[in-house]
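Some structures to go through are shown next.
Presented sequentially are two complexes of chain A, the first with chain B as partner and the second with chain C.
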Partner chain A sequence: MHISEGVLSAPVLATGALLAAGGAALGLRKMDYERIPGVAVLSSAFFVASLIHVPAGPSNVHLVLNGLAGILLGWMAFPSILVALSLQAVLFQFGGITSLGVNTVIMAAPAVVSFYLFGPLIRRGHIMSILGGFGAGAAGIGIGSILVAAALVSTGESFAGVAKLIVAAHIPVMVIEGIITAFCVTFLKKVKPEILEVAK
Partner chain B sequence: MKIRVQGSGFGVQAVSVIIILLCLASNVYAHKVSIYAYAEDGMVFSEGYFADGSRSRNSRVEVVEAETGKKLLEGTTDDNGRFSFKIPGVASLRLILHAGMGHQNDYTLSREEITEAMEKGPEAGDQGPVVNRRETEDNPGVSVPPAAVPGVSPSEIEAVVEKAVDRKLRPVLRILLALKENSEKPGITEIIGGIGYIMGLMGTAMYFKSRKAK
Partner chain C sequence: MHLEEFAEGTSFFHRLDPRVKLLTLWPYIAVIAVAHGPVVPPAALALSSAMAVVAGLDRRKLLNRLAAVNIFILMLWLFIPFSYPGEELFAAGPLTVTKEGLFYVLTITVKANAIVLATIAVLGTSEVFSLAHAFVHLKAPEKLVYLFFFFYRYVSVLHEEYSRRRRAMKIRSFRPRTNMHTYKSLACLVGMLLVSSYEKSCRIYSAMLCRGFSGKFPLMDHFSLRKHDIIFGAVMSMITIAFIIILNVA
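And now, the complex of A and B:
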């Protein structure tokens, strides 16, 4: 899901950087003192998650955990993911410095979307919170892959073709992420329900 | 069972997330594609692989002139991630591997490497099937320019030397390639270091926020 350096054209990179900066600024405004450790923990989780490889046919896909970050952090997912992606770019050479903005938007925007779509669900009953967690995890990846396809259109590939390919490659990850996110949400609800409540 | 955790509300969250990740992270794999190439006997051999060691199959390889960016040719890798082509002309070549879904990397062969491979090319052809140089790395130190030695023909000496050196170097090359691939995998140092950076940032942010609150 990380777009490498030198793939995208300058206007796409600039748009991505602007959107990412805006999202990060908004997230930082919402981040008060008590929320800082949570943002950092999810940033670390996101940072490591990309090293977990999921075999999916000929392609190479990995966990992202942006749905989990989104459902717990809301807009604060932007700064959290931005930090993790910068470190991945520098330390692992995943993605790249110039494509940092685009990659942040690709992974943080679905996180915010799943926060609004599934956030209310996880605060309801047991079954609802499992469904909400699964939905957030799956939507994080699903919407992310569509955004990757949209970004790649600028390189001259046809949207429908790339989108189909990328979404198909990420279906296994969507399922796995859904399960992991649902598990995390139910676990947190049991032992530390106030974490889910504060996320606003 | 009720678990009580003092301090930050994210204590349990942190522990649970880290436990889950550690359980899953039995295999540390990455998501990055690389390409490696060398020139020999008038041909360029290239190989594309992902950071987990798997080959990049059916990927488009674009060959451009490094200085001008002019596109010379393109092709796709086979099932072993390999792609080879005849050297199109003396120039520094850049091979760009497009592994799809926004994954891309390149490798540049210098003009010297190309020139040398071009010079050696026809000679190797003249020597007939004696020399098997398929696996040889293009190494300037190894290539022996045919010198006039009385009694034995230069090409014969070269053939024998090449063969011996090939045999000796093959395992070394394999180790070097494995090392190169390994060095591109993210190690435990990078992982722990990255988490450390995030914790450091957290501390810094909390420090400034707490000062502001006072």
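And now, the complex of A and C:
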């Protein structure tokens, strides 16, 4: 879920950069010095987890887990995702430096939405937390793919076809991410409930 | 996990001051990103390719990277030439390819490759930690740099842990398939990674406090500008300014 270099128009790139900078500034304000190692090492774990490929019928998808990152980190998901994407941009050229802002917003904005919408559900009973986990995982991908489409279409009307294809292709991914996030939340609640309180 | 594939070497780019690299690369690729027309994108691609040659990058690894980048671009080739309004070039059944659409998607391809080549040649030839160090000297927000520092430091540690756990699953005959058992097992794997990273971070912070951490990392070494840094900075800036002038005239 990223847009590579050279594709988007200047206004879209600039808007993305501004929004990402704002989100990251908010996240950094919430992150005291004592929280830096915690947020950073969780970011490393999310980065490694995104290398996991999950079978989906004849094909497979790699995990994104931005919904789960949102639930765990809240606004701090912005700086967390920003550092992960900048590493990817420099080392692997996934995404890119000029599109770093846009890509950060694409992943981190749904994370923050998940935090507010589904975070409270997860702190309730078993069934509610499963639903909350599913919702966060699915919303992370769903909103993200809509943002990808929006960035492309704002660049030019001719991207409409690609944009539709991208949103459609992410529907099965939404379901898989939802299931994995729900299982993951249940697991964390059993094994290490403190971890769900990092963002508080 | 070996991440810094291009950082080893002795080329001109490997020896440049990372501060100069960051300061000059950013405007250069930003101009390419917004460039249009027949002059600047191909010129940028030629210059960036020249940089990649000077940097002496491993050709096979470089082509692998470029292939990965161009997969996304390839998807655009399947759509844009048909949907971009303009003069009809030829018709294939119900679809018509427009001249403008073809030019547009070609421009995107050239620009993307130019930016990627320049990024690898200039930034890829520095170690990631020295880039982070340069960011501190360039007055980037401290907390963000610290976050990056710890994040990068522990990526390979956690990747090792991931591989170990994955091996343990394999030994116990786990084979990923499309079913709930697979999803649950992988979710637990992710959960364990998060739990152990959380516990690790608590130990790291305690260890930092034991060593007197008070919210600041002392900077031990400083960069110093040398002649070739200044020359590179000047040349890159002139190229960037030339691109801007060409874009505004055209």
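Following the convention adopted for this analysis, the second predicted complex is superposed on the first by the 167 of 200 C-alpha atoms of A that agree within 3 Å, B and C clash if a C-alpha of one lies under 4 Å from a C-alpha of the other, contacts with A are read in each partner's own complex, and residues count from 1 in each chain.
In this section, a contact is a pair of C-beta atoms (placed from the backbone, for glycine too) under 8 Å apart; a residue touches a chain by one contact, two chains touch by 3 or more.
All values derive from a computational prediction rather than experimental measurement.
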Query raised in the report: A:I179 contacts which: chain B (first), chain C (second), both, neither?
Result: second
Query - Partner chain in contact with A:F94 - chain B first, chain C second, else both or neither - result: both
Query - chain B or chain C, by number of chain A residues touched - result: C
Requested in this report: Could you look at A:H62 and tell me whether it touches chain B, chain C, both or neither (first, second, both, neither)?
Outcome: first
Query - Which of chain B and chain C A:A10 touches, first, second, both or neither - result: second
Requested in this report: For A:A169, select first, second, both or neither according to whether it touches chain B, chain C, the two together, or no partner.
Outcome: first
Query raised in the report: Now for A:G161: first (chain B), second (chain C), both, or neither, which partner does it touch?
Result: second
Query raised in the report: Touching A:V148 in the superposition: chain B (first), chain C (second), both, neither?
Result: first
Query raised in the report: Looking at the overlay, does A:G38 come into contact with chain B only (first), chain C only (second), both, or neither?
Result: both
Query raised in the report: Is A:V83 touching the first partner chain B, the second partner chain C, both, or neither of them?
Result: both
Report task. Indicate the residue numbers of chain A shared between its chain B interface and its chain C interface, in ascending order. Result -> 3-8, 31, 33-34, 36-45, 47-49, 51-53, 63, 68, 72, 83-84, 87, 91-94, 162, 165, 180, 183-184, 187-188, 191-192, 194-195, 198
Query raised in the report: If you look only at chain B, which of its residues touch chain A in the complex?
Result: 3, 5, 8-14, 16-18, 20-21, 24-25, 27-33, 50, 52, 54, 57-58, 100-106, 184, 186, 190-191, 193-195, 197-199, 201-202, 205-206, 209-210, 213
Requested in this report: Write out the stretch or stretches of chain C touching chain A in their complex.
Outcome: 3-5, 25-26, 29-30, 32-34, 65, 68-69, 72-73, 75-76, 78-80, 82-85, 101, 104, 108-116, 119-120, 123-124, 128, 131, 141, 143-144, 146-155, 157-159, 162, 176-178, 180, 182-184, 186-198, 200-202, 204-205, 208, 215
**Report entry** chain C-facing residues of chain A, complex
**Finding:** 3-10, 13, 24-25, 28, 31, 33-34, 36-49, 51-57, 63, 65, 68, 72, 79-80, 82-84, 86-87, 89-94, 96-99, 156-162, 165, 176, 179-184, 187-188, 191-192, 194-195, 198
Report summary line: As the complex stands, chain A meets chain B at residues 1-8, 31-34, 36-45, 47-53, 58-63, 68, 72, 83-84, 87-88, 91-94, 148, 151-152, 162, 165-166, 169, 180, 183-184, 187-188, 191-192, 194-195, 198
